[in-house]
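Structures are listed in the sections that come next.
Presented sequentially are two complexes of subunit A, the first with subunit B as partner and the second with subunit C.
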Partner chain A sequence: MVETIKNKINIGSTLRNYGVMIGLVVIIIIVSIVEPAFFTGNNLLNILRQSSAIGLCALGMTYVMVAGGMDLSLGSTVSLAGVIAIMIMNSIGVTGNADVAAVIAVIAAVTAGGLVGLANGVILATINGRLGESFIITYSMQIVVGALALLVTGGQFIFGRFPEQLYSKLGTGLSPILIFAGLAIVMQLGLAKTNFGRQTYFLGANMNVAKMAGIKVKQLRVINHMICGMCAGLAGIIITSRVYSASPLQGTGYELDAIAAVVIGGTSLMGGSGGIHKTILGVLVVGILANALNVVGVNAYAQLIVRGAIIILAVGLDGLNRGAAIKGLVS
Partner chain B sequence: MNQQSQGLKKSFNIKRFIVEQPVFIIFLLFSIVIGILKPNFLGLSNVRNLFMDISVYGVVACTMTIAIICGEFDLSASSTFIWSQILFCTLLNRWGGSALGILAAAIVTLISGMIIGSVNGLIVTRLKINSFITTLGMMIIIKGVALVFTDGKMVSTSNGFIAKMGTGALLGIPYLVYIYVVFVAIAFFVMKYTRFGRNIFATGGNAVVAKLSGIKTLFYKYMVFVIIGFASALAGIMLVSQVRAGSVLYGTDLALTAVAATVIGGTSLSGGSGSVAKTFLGMLVLGILYKALIFLGLQAYYQTLIKGLVLVVVVAADAYLNRSGNIRK
Partner chain C sequence: MKGITKTFPGVRALDDVTFSVARGSIHGLVGENGAGKSTLMKILNGVLYADTGEIIVDGQPCRFKDTKEAQAKGIGFIFQEFNLINTLTAAENIYLNRLKIRAGRIAWKQVNQDAQALIDELGFNFSVTEKIIDLSAAQKQLVEIAKALSFDAKLIVMDEPTSSLTTNEIEKLFEIVKKLKSEGITIIYISHKLEEIYSICQTVTILRDGQIIDTQPVSSISKNKIIELMVGRSVDMEFPKRNTVPGEIVLDVQNLTRRGIVKGVTFNLRKGEVLGIAGLVGSGRTELAEAIFGAEKHDDGIIMVKGKKVAIHSTYDGKSNSIGLLTEDRKETGLVLDFNISKNITITNLPKVSKSGILINRLEKQYAQQFSDELGVRTPSINQLTINLSGGNQQKVVLAKWLFSDVDILILDEPTRGIDVGAKYEIYLLINQLAEQGKSIIMISSELPEVLGMSDRVIVLNEGKKKGELSRDELSAEAVMHMIIRSEGENGGNN
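On to the complex of A and B.
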């Protein structure tokens, strides 16, 4: 921002600005040495493919978090959307044209996600909820949406029974990476270059002032939550397409990974800063780390410990960043 | 509860009463409706069971209220609860032969709960990380530890003494209910009549002002987490005495239920006000609701759905009433 400040704190600011990048490189180097199979083209492509679902969630989460909110219902939304898509494919896709069914399934899943986001957004906008309420309301919505997914399926795992045409291609090969990359570009432009994006930053930085400045705060919040829900819907499609089945618990924990990715990337929890380009970096870190833990052979339970620690650590670093940015103003 | 109306010296206003004490209304209506639908519901044994059920979660709800009054929040309570069950069962199986061993197992479990709480407290107060994120992270970490420790399996115990504690009763009232009532009574006393309690109110009301008036706000924030860790461990021990086993599947909804009970009771999430006694009522309302859902024979998923919806409605209503109240001022 200001050149004079930038010149003064050299090493500190470099570390803060590029810390994630450096961390990423360090992780890659260490794991490649420990396990040569890690740094192969195949595995790297795998990482990108696996990251794309969490990446989509993280893109949506970035919008909500830049606006100063939080969406913990994301994981359940992923499950619900996936379940709906597979159920549609199993009914229409088997009897009719599988390609048309795929389009319907995609639209239905994204709509379902959008509706969950709509509910979140309308509730939070109505009560003027701050971060605290965002947490609790969306956490409760996670329970509600999760229960809906269980109700729709009767708690059962659903196997795909449709012909493997268009729908199966969405989550395999290069398409999930392309979908993620394409959406990331669009959303980056939306956040950085449009009026809507600038208003979102304003809203996240200071809701009261944004309201006084004449920004339609409520409308903006609803839209942001809807975008987040729709991203979750897309993630649900990609996952179910890849595994050719759906489980009502499939998305459990996705919201945490998404938050981790966003925060590691450097979008502040307090809203008003950050961006999609940072989140992409965060997604890569989370994806590479998860893959590295698998490759090195850490078991799934122990990975939970690492995941939790990373969330706390990332937010701690975020706090340090902010502390440095507004030194002296912190109470 | 009458103090409020006395202090304000206003004529009895039913609309005001409903807005300020919605719990009583819900509580009464609900019991009556279910009582009419299912006469058994108000039977003595069912009421006894109801109190049994709420005593375990109630202990944590009580301390969650203290945390919320202090302006903090603990999601990791559910994982501490899970970890405590598992640890207590394991220790009982090792040392459970003698009375001293059982006591030692209980003490070690309680201390481990307090250590988890103090880690939460240190992260929040020293590293200045938002308590939601801290406890969210800790929730995952402790759950991971519990899973690694048990390899995802259930740990059971056949200790006779513990079984007696969980099922036994004095004067027709189960031991667990005594523990709960005594716990709430102590918490109520501390929050209302001691400096410690008043300072927690002050910290939650306005941390900056509290600090300027010489209150060690960070200390109280830290203590709140230790207390909630202790309560979660106690709840874990109480659950083990009831079901004689510990598992990562028991009590994942604890933290949110505790928050729900607090908010239903009428303690605002914005901190600085509220009461442990109100949470007792909130817990009772939730207990009746959950019992009624089972009584009406609803499918488990519908029960979860309704629990979640209740939470959404209650929290949203609380925030809405609070904000609109502030505007009126």
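On to the complex of A and C.
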């Protein structure tokens, strides 16, 4: 009796833990059979390159979500950071040393992202907001930051006028993949192996317990939001570098793609669980699926339906798993 | 209930349990945490299914798929925690899901009338149009009972119904329970407080490790015998002695004030001392503790630790100044139940298990194991999730967490709430051990015998004010109650 129950639980938890990976392998196998052009080195590199910007956003989003929050301002932060970077390149990069300008542009864009995160974090920590408040506050911030991007550009698309040196290399070739991979490793260690990460999990799992354990809850929230904003800043750089231009609407919808990747990976919306390693899988699923649908030739509008359905499925499974976990543990 | 067996992963929660209750009686059900009381009742209520065995109601075998089916058979449930929606009225809560509809609209008049009739019948008077949030704990409890009665419950299970009630409210509840009995309603009464079993139950069943140990009329079994059967060994009911002489003053609180809640409280605490704080629920005990630890801000007053004035604005400040607080609600503020024992213990002092901010797995395991062992947490492994532990063991993990933090001043707010007799005694031993190691302890408890039995000194609070202080020699229940009552008299005069 006990044995069968144990076995059932093991199958359940295996699916919970490795379901995404299994799904990923299945997609790859099916698409490779249907369309041999899919499983080629070039196409795979292409997928990684295209996934890197969303991936960076998803890394930041993971921190905020594990901490029990949400950052809907991420998309417009990507836009603002990109716009700032390109404007700096178009001025300093043209008149002065383009490589020095690239460094300044990167610092400025990441700082801008960090400041948006700082604002989110400070507001949420001050009002002691929970998940619900973090939705509304960061959504409002999305509008504000989006408006800032429109203001500084006058609503115009900005073309790059700087020499194609260092800045252009950031988003092309292998560099976006390496930036994403490097940051993913660092952030994985940061969340899984440090005091800061452990405290973040407690914060997300139960803010009251975290507070009553003597954790600096407010500071922790601010830091997590700042990290998320800085990731968005980096994403803005990668995108603008690749397309050699900036649009104040560039990042529109990135926050939802990032959330999708995080949730598909298996990090719960409720906070306190999941992690970067899961998000990496989620990013790959989202990226590979989008590419596979293209390669197989699915209509662009129909693709949106598939994307939406996948997110609903991921969140639904998360909810069901949580319910199952609770039922199984009642004593 | 016949031959009920229920297994959870790795645990056999109930083992061939056969349990019967006579109509119109009040039947006590006792057992240590984890004995299987709640599991048994949840099966009766349709929340859980039994693996084997059957439930027989009035001679008919039944199988409940959910609580609704159990309700239809006249089985009502009153849980330890209230199952009410705070923002709705009492009447809405009673008839939730079953609001009478007339002409497409809710017949509020009828609903309120019916609800009021139920409440009135129970001999209470408050309006059912009041929101739950505005009701006292006893009134909420009553709403729960009315809810059970509203679907003609013939059997009501009460799981620790008095845990959040004051002495007065408990007496009222007992009157109602007795009244229900006289109307032919059967009650299964689960409680850790044996006094309650003796004052209202006719029969008591003792459950241990998922098995029925004995069923006896309460008149023919002694309290010590019940305890012995519950824990499976004889227990010394006295409070354990300790050999300590309180040393120098480590905490000096002067005129501490939280507007409207804590009013100018002054006291001190010595090294190796256990200082009890006595007072009724709502007297400001918890609020005082929160202010000292930094969980809530204080408006005025001075806190001095080891002779130095300290500024405490956050829980981090409290911890940095060697103050820890074991909160009264371990499930909401003490533990992350989804996390394992190890993580819950080390969270208060991560630097101790890390090097330059990076966690060292080996250190964490080693320390968590050490503290878990020292406190006698009964678990197969420190990787066990704390949700799977019994209340007493959870409380030991919370204690372990604060011991691990290396604080010298430990405030224990209701350290034995909701845990069974055996585990209580272990907690007392641990408190003594801590005092002997030179830790200073403030112990807040609603159970006066515990405060009296454990403390070197007691301060009495009432309505946020310190009403007096009693040394070990002066300590008695009468003296404490006298201080509380005298002060109530004074306040009455002032109003």
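A few notes on this one:
The working rule: the second predicted complex is superposed on the first by the 318 of 331 C-alpha atoms of A that agree within 3 Å, B and C clash if a C-alpha of one lies under 4 Å from a C-alpha of the other, contacts with A are read in each partner's own complex, and residues count from 1 in each chain.
Operating definition for what follows: contacts are C-beta pairs under 8 Å (C-beta built on N, C-alpha and C of every residue); 3 or more make two chains touch, one makes a residue touch a chain.
Everything numeric here is computed off the predicted structure, so don't read it as measured data.
After overlaying the two complexes on the shared chain, residue contacts for A:Ile143 are found with subunit B alone; subunit C is out of touch. After overlaying the two complexes on the shared chain, residue contacts for A:Ala205 are found with subunit C alone; subunit B is out of touch. With both structures placed on the common chain, the touch criterion links A:Glu133 to subunit B but leaves subunit C unconnected.
When both complexes are overlaid on chain A, the residue A:Gly272 reaches subunit C alone and has no touch with subunit B.
In the overlay built on the shared chain, the residue A:Ala213 is in contact with subunit C alone; subunit B does not reach it. Once the two complexes are laid over each other on the shared chain, residue contacts for A:Ala246 go to neither subunit B nor subunit C. Once the two complexes are laid over each other on the shared chain, residue contacts for A:Asn195 go to subunit C alone; subunit B is not touched.
For subunit A, the partner touching the most residues, choosing from subunit B and subunit C, is B. Shared contact residues on subunit A (touching subunit B in one structure, subunit C in the other): 331. The part of subunit C that touches subunit A in the complex is made up of residues 7-13, 34, 38-39, 42, 47-48, 51, 295, 314-316, 318-320, 324-325, 327, 332-336, 338-339, 343, 346-348, 350-351, 354, 357-359, 385, 387-388, 401, 405.
Those residues of subunit A that touch subunit B in the shared complex are 123, 126-129, 131-133, 135-137, 139-144, 146-148, 150-151, 155, 256, 263, 269, 299, 301-309, 311-312, 315-316, 319, 323, 331. Those residues of subunit A lying in contact with subunit C across their complex are 1-2, 5-6, 9, 189, 193-199, 201-202, 205-206, 208-216, 272-273, 328-331. Within the complex, the subunit B residues that touch subunit A are 73, 123, 127-130, 132-134, 136-145, 147-148, 151-152, 208, 253, 256, 259, 269-270, 299, 301-302, 304-305, 307-309, 311-312, 315-316, 319-320, 323.
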